[in-house]
Each structure stands twice: as structure tokens, then as C-alpha cells.
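Okay, so here's the structure we're looking at.
Order of writing sets the labels: A, B and C. Residues in every chain begin at 1.
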Amino acid sequence: MNAQIQHWGEGLRLLVEWLATAAFALSGVLEAARKRLDAVGVCVVAFLAAFGGGTLRDLLLDHRPFFWVAHVEVLWAVLALAVGAMLWMRRGHIAPTERAIQWPDALGLGLFTAAGTHRALVEGMPVLVAVLMGVLTAVFGGVLRDMVCNEIPTAFRDHRPYAVFAFAGGWLYVALWAAGAPGWAALLGCVVLAAGLRALALWRDWRLPAWQT
Amino acid sequence: MNAQIQHWGEGLRLLVEWLATAAFALSGVLEAARKRLDAVGVCVVAFLAAFGGGTLRDLLLDHRPFFWVAHVEVLWAVLALAVGAMLWMRRGHIAPTERAIQWPDALGLGLFTAAGTHRALVEGMPVLVAVLMGVLTAVFGGVLRDMVCNEIPTAFRDHRPYAVFAFAGGWLYVALWAAGAPGWAALLGCVVLAAGLRALALWRDWRLPAWQT
Amino acid sequence: MNAQIQHWGEGLRLLVEWLATAAFALSGVLEAARKRLDAVGVCVVAFLAAFGGGTLRDLLLDHRPFFWVAHVEVLWAVLALAVGAMLWMRRGHIAPTERAIQWPDALGLGLFTAAGTHRALVEGMPVLVAVLMGVLTAVFGGVLRDMVCNEIPTAFRDHRPYAVFAFAGGWLYVALWAAGAPGWAALLGCVVLAAGLRALALWRDWRLPAWQT
């Protein structure tokens, strides 16, 4: 943990984790509402989507305490967000569409990639492992969310690229970090690349080449 | 780990873990038999249901050794229970119904909530984390059991409340514990509340309000 | 870690992990290709199949660093194997059949059983726990592979024995190890028994007695 890593700063790191957690919690609420789960189910899916990826990362890195143990208020915040979103959707008669889920999901993808890659680098992991940890942090919450809602996970189902953008973002983070760029630049680059490519892929309807044998 | 916590006593704690493990192992055997899995499958499902929740809890709390490593005899006991139940069902021509699974499941729900909440409190977790650990211990074994049997987990599928009773039981445990009640009282209160509410919900066919957008 | 365990030798142990990893990675590539996943999906499934079992084992045993952190080159090797196999299958117009997946899968079953049981014995686990760790190492990668491809896992679905052979192989390993046999003999016995029985079961179409109530 040399000074270089400290560039990012503890405050900025926390902000990224908070934003990513909120983005995925929102995607969980929207997906659960779309599947017409009951109120308890909506909260469960919000928690799984928000904390699944980061918890698996910390489990694999043997990092304790978890983000949500060190900052219990984030648990309360997600609970409040889930209840608030339910009330708001009910009042506004807003039906969450599949498209609505994709925007917080894309933002969370970029933010969690940066947070996961950063954490693994700080713990001295090799760069390929760090990038894979970033991908895993970004993807696993959404996979849990979809599995619980009895869907084949988006990350695997459609041929629109998803995990590969987290992979690209992670490598950019590693490259900027190795080049001695300030922490906020590595973060911003990673988020913009991963979330931006995902948004672009959704907008232009990019598809990976189908597998033909 | 002050004297107050010791009120419960190591013996009572072990008994609760044993009973909960047996209850969930039985629910696993019944579900696997109902799905007509083969003999190996019945044993696998019994193990997953019995040890899934506690193992995930200990993994998250970084608590070693696991219950089933410290007490290997519990592994043999579950194996014997699975084989014995299979022989007994075959001889008695007893067909396990979906209702038959619900009673050991409800009992295990209460017992594992108490055991999980207790363990997390002893390890100094914040109370909300402790309650969530109780819920997770109680729910995850059943979720694994249902996933392996290719069902959408009961905890998520039907609109009959399930996890929310573990949540309520966990808070009662925390409240009694904070109030300085003896350990057996906190335990009993938590088990009776969680398992009792679940039994009541099954009997009266309570349903959570369906989500309407 | 007495001298007796050292008989096996670090080199042989590494070779077994490498071979098992390659065998399961190949089974993942074949299954993903058969399900016509895209190129990213094929790589994801190859990684899950190759590293799922060993990672869960090390997580439960609290053993760090993971195999793929200590030997990062294995990650690159699996990536290369997946890309290479895709190019080769595309050029050769070879369609992977369900049967083709079964041979690397059977070999990996034997190898991972030996590696998993060995690791748990070295860490001083009781013998039943060591055997179960072997089974889990051998089975979990394949379960993840099948779950991601939206199949009921082979290990649970068909009535052809699978996990039970890993169980038998693990006990043979423990017996030979306890009898003071040299490490390579315990390894060879375990692999031949588990993989051989599996191959025999596939060839002779053995089936476990169906459950009848």
C-alpha cells in the first residue's frame, strides 16, 4: 500500500462502492418488480444484486470485514432504497421495463469493475487476477439477481457483450495504475470505458458473433 | 465473549445445531425422494440442506473449523439418517408429500435463525448483520436443496412469507440478548416466534400482498 | 506435513492439478460450444469448470493463495486452451457431441478427487471430511459448468453414478495413504478407480436403482 495507491484516496473509493451498490440495488428492485415478486422478494433481490459481487470478491481475497460489516449503514440504505422505490413505483404507476434495468446495471458494471480491480491490486494480486476480480465483482451480483428471478443470467444469455467490457475496463485500470496515473484518472477511465462500451452496445445493439460449428 | 453470552451454554448451543441440522436433513431427504432422485442424490440433497446454511455463515464470518469438521460425527449421523429414512420410506410405502416437507423445514428455520444470530453476536457483529446472518443460515440450506432439485426456491417462489419470519425471530433474539435475558430464553423466543409464525402462515395460508405496478 | 506425505512430491501434485484443470477446461469448452454460447461465454464456462471445484475446496479449507493465484500461468493456459479449441473446432467443422464431453470429464473426476483428498489430508482434516473435500473438488466445477449452461447438473440429473465414484476413489486414497503406500501409488489408485469406474459406467450404461416409493 504505497503512496501511489493512496492517490485515489479512501473517500473516493468509498464513494465508488456506495454508488455501485446503489446502482445494482436499483437494478435488483426493478428486475424483482418486473417479475412481480412480493415485497420481501424485492428486498432480497436488491441485497443480492448490491452485495453479491463485492462479497464474493472479499471472500476470495480473504479480506475482512466486508464492506457491509464495516459500513452497516449501507445495509440500511439499501433497505430504504428498496422500500422507497417500491412506494414510488406504486404511487407513480410506473412499470419497470427491461430497458430501465439496463442503465443502472451498466453504471454499476463500470463502478464495480474499478472497485474490484483496485482492491485486488492493493492486496498485491498479479494483474490478470486483479482484472478477473474486477470482472467477478461487476458480474456476480447481476448473475445472482437473475438466477433468483429464475432467468438465465443476462451476462450469459444474450449475445450482447457484457463481461468482456468489464475485462477491458479492468485492463485499462491496471495500465493507468502501472503508468503511475493518479487514482481518480484510473477510476474514471475504467468506469467510462466499461459503462460507456456497455451503453454503446445496448444503443447500437452490438452482438458477439454467434458460435457456429 | 462475556459471561452473559455463556448463559446459553455450549451444550444447549450444540443441541440446537444438531436439531436444526437433523430437521433440514430430513426436509432434504423428503424433497429428494419426492423428486425421485436416486440414492446418491438423496444423500447429496440431505447434506446440502443440512450443512449449506451453517457453512455459508461460517465462511462469511471467517469462523473455522466448520461445525461438521469440529464434530465429524454429525456427517455420519446425516448419512445414517438419509439411508435410514430411505429404507423406512421404502418399507412403509410412504410417499412424501409437499406438506410433509414443510414441518421439519419450519422447525429448522427457527433453530438455525437462533444459531446463526447467536454466532454472529458472539463474534461481535453489528446487530443488523447478526440478524441477516441468522436469516441466511436459516434460508440458504433450503435454497440449495430446492435449486438442486430444479425448483425455484420456496423462499422466493410462493408468496407465503418465509425469510421474513427468520428476520423477525432474529430481531427478537437480539432484543432479548440486549435486555440481558438468559440464553435459553432468547433461544426459545426466537425459535417459537420464527417456527410458530411459519407454521401459522402455512396453516392459515397467509400470503404476502402481490406486487402490482 | 511429515515425510510420508512428501512421497508424492510437489512436482507430481502440481502435474495432477494441471491435468485435472485442463481436462475440466476442455469439458467446459465442449459443453459451451454444444450450447452455442458466444466466444466470451465459452471462456467463462471453461474457467468455471476448470477452477470452480478447487477454489471452493480452498475456500472451505481456508487455504491461500489459490492455485490460480500462486500459478497465474494456469489462467493464461486455460484462456489459450479455450481460444485454441474454438479455432480448431471451427476449422475442423467438428461438432462436439454429448459423449465427447464425458471423457475429459471422467479423467478430471479422478484427478481432482485425488488432489482434493490429498490437500485436505495434508491440512489435517478428519478422513471423512477429506473424502468429502475430494468429492466436492471433483464435482463442483462440473456442477457450475452445467448450471451456467442452464442444464440440471449431470451429477444430479441422470441416474448414472458419478459422485459416488469420487467417493470410492477418495476412500481408496485415504486407505492407501494410511497404509503408508507411496504418494504416487495412492494417486494412481484413486485416479484409476474413480475415472475407471466412471468410464465403465458410461460404457456399460450402469444405472443407479431408481427411487420408488
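Observations on the structure shown:
Note that contacts are C-beta pairs under 8 Å (C-beta built on N, C-alpha and C of every residue); 3 or more make two chains touch, one makes a residue touch a chain.
Everything quoted here is computed from the prediction, not taken from an experiment.
Of all residue numbers seen at the chain A-chain C contact, under half occur in both copies; the interface is built from largely non-matching residues. Between the two copies, chain A and chain B, the C-alpha superposition involves a rotation of 120 degrees in steps of 5.
Taking the mean of the C-alpha atoms as each chain's centre, chain A and chain C sit 30 Å apart.
For chain A, the set of residues that touch two or more other chains comprises 59, 62. Contacts from chain A toward chain C in the complex involve residues 59-60, 62, 125-126, 128-129, 132, 152-153, 155-156, 159, 161-164, 208-213. Looking at the complex, you find that chain A touches chain B at residues 33, 36-42, 44, 55, 59, 62, 64, 66, 68-69, 72, 75-76, 86, 89-90, 93-96, 148, 150.
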